[in-house]
Amino acid sequence: MDILTGTHEIQVEVITLKGRLDALEARGLRDLFDAHLAGGRNRIVVDLQALDFVDSAGLAALVKGMKECRASGGDLRLVAPTTKDAMRVFELTRFDRVFNMAADPETALAGWS
Amino acid sequence: MDILTGTHEIQVEVITLKGRLDALEARGLRDLFDAHLAGGRNRIVVDLQALDFVDSAGLAALVKGMKECRASGGDLRLVAPTTKDAMRVFELTRFDRVFNMAADPETALAGWS
Amino acid sequence: MNPPTTLTLDADFLSLRQIGPWLHTVLPSEDGEPNPAHGSIELAIHELATNSIDHANPDDGKLHLTAHINDSELQIELRDRGDFCEVEAIPVPDPENPQVRGYGMMIIEQLASSLTYERIDDLNVWTATFPTT
Amino acid sequence: MNPPTTLTLDADFLSLRQIGPWLHTVLPSEDGEPNPAHGSIELAIHELATNSIDHANPDDGKLHLTAHINDSELQIELRDRGDFCEVEAIPVPDPENPQVRGYGMMIIEQLASSLTYERIDDLNVWTATFPTT
């Protein structure tokens, strides 16, 4: 019998946000996504649990990141905000259904290949 | 807003077998599993596609490896043999239902966390 | 009717962070608890003000907010000396086709019980009303 | 009835690899294609011989196989000079509780149309019959 061995590595970038994700902060987040994508790191989890405000510009940064990750065969998944205020923009725009939204980081990290 | 970044790494060992997995070869496979488990590498895919014979001793090595991987929070998954002869021992012992058996390596590699 | 209160902001994103604290002073609170409508109203006014910065581009670089509150309603007026807005031309996002931008208006319209736009000479006047109870 | 053919093996796992090729010479083939029952029969006899090595431990270190073939059946006899086997005591695996070892007998019994065991003096004689068509 021949035995061939190898290792398959799956790397997921985890970004944890705290405070306000608004127009002022969205650019920094977009830059971080761009840096990961440029480096071929297209599996990203963004943990929104500790956010207390998200606006449509913050949402736009996440949507753009998700589209680009998916376009290159990866994904951007969210850990859902815990406050109603931070969750509101996702519900009003129906993006709570477009994103893969997990209740905790462990769930968001499960199921990559 | 605070941004915290980190990287989560998932490593899956891939073992590809070719030829006969019988009592003579089972020991080498068990040793390979033991080495991976001792190193904390408890996520293993064994690709059986190119095997043409598997006996109960070969099956035993796979079952023992799977039990030990699962006991330490990992898993051992198989890529199913392509020939009826190599598949027979799994069907007769019902282990085709106990193992996570994928049709190809990509499927076997999907869904780890 | 209580007397109106006002907030004048520089037309930049950092300044928009004053909207939330200002709304806390404007909205009625019970037992020191923040008004339950605060989060919705902050998001709506934040989006309205963001649009003034992004699209109206005020000549004097200022946004003016006025709050009129009565027992059950809060009316917020946003005034800026920016470009005219062709309200009828604003597209509605297609829910089947997720896009990156273009959700601000949709958010405001869902949160406000009414929203009006008037152009008075070179002044844009947006008026949004919210239930507070 | 064709004349019987025999194979004598050293009682080690490497030697068991001769079983498959030997069965090819024994089994009828059509148009040079391997007999479709070959794989099942090889596995069964391989498991039977593995048990002799693992559990009977023959004094002379040998296993003797004899094949009797007729039109529709193959009968294989395995003889060894090892320990007596208490056939009645062999446990059946519990399908609800997957175990590591103990599946050899279950495999043989599913593949053979009949399986008998005789102890003749210090000789173990296992006889398994298989359909060949």
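By written order: A, B, C and D. Residues from 1 in each chain.
We adopt the following convention: a contact is a pair of C-beta atoms (placed from the backbone, for glycine too) under 8 Å apart; a residue touches a chain by one contact, two chains touch by 3 or more.
Here the structure is a predicted model, which means the values were calculated and not measured.
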Where chain B and chain C overlap in contact partners, by chain label: A
Chain hops separating chain D from chain A, counting only touching neighbours: 2
Longest centre-to-centre distance from chain D, chain (CA-based): C
Two chains joined by the most C-beta pairs in contact, as defined above: A-B
Inter-chain centre distance, chain C versus chain D - centres from mean C-alpha coordinates, in Å: 85
Approximate Å spacing (C-alpha centroids) for the pair chain A, chain B: 31
Distance between the centres, which are taken as Cα means, of chain D and chain B, whole angstrom: 28
Two or more partner chains touched - positions in chain A: 20, 22
All touching chain pairs, where touch follows the definition stated at the start: A-B, A-C, B-D
In the complex, chain C residues that touch chain A: 13-14, 16-17, 20, 39-40, 42-43, 46-47, 50, 53, 93, 95, 98-101, 103-104, 106-107, 110-111
In the complex, chain A residues that touch chain B: 1-22, 25, 28-29, 32, 45, 51, 106, 109-113
Footprint of chain C on chain A - complex, ascending: 20, 22-24, 53, 55-57, 59-60, 63-64, 67, 84-85, 88-89, 92-95, 98
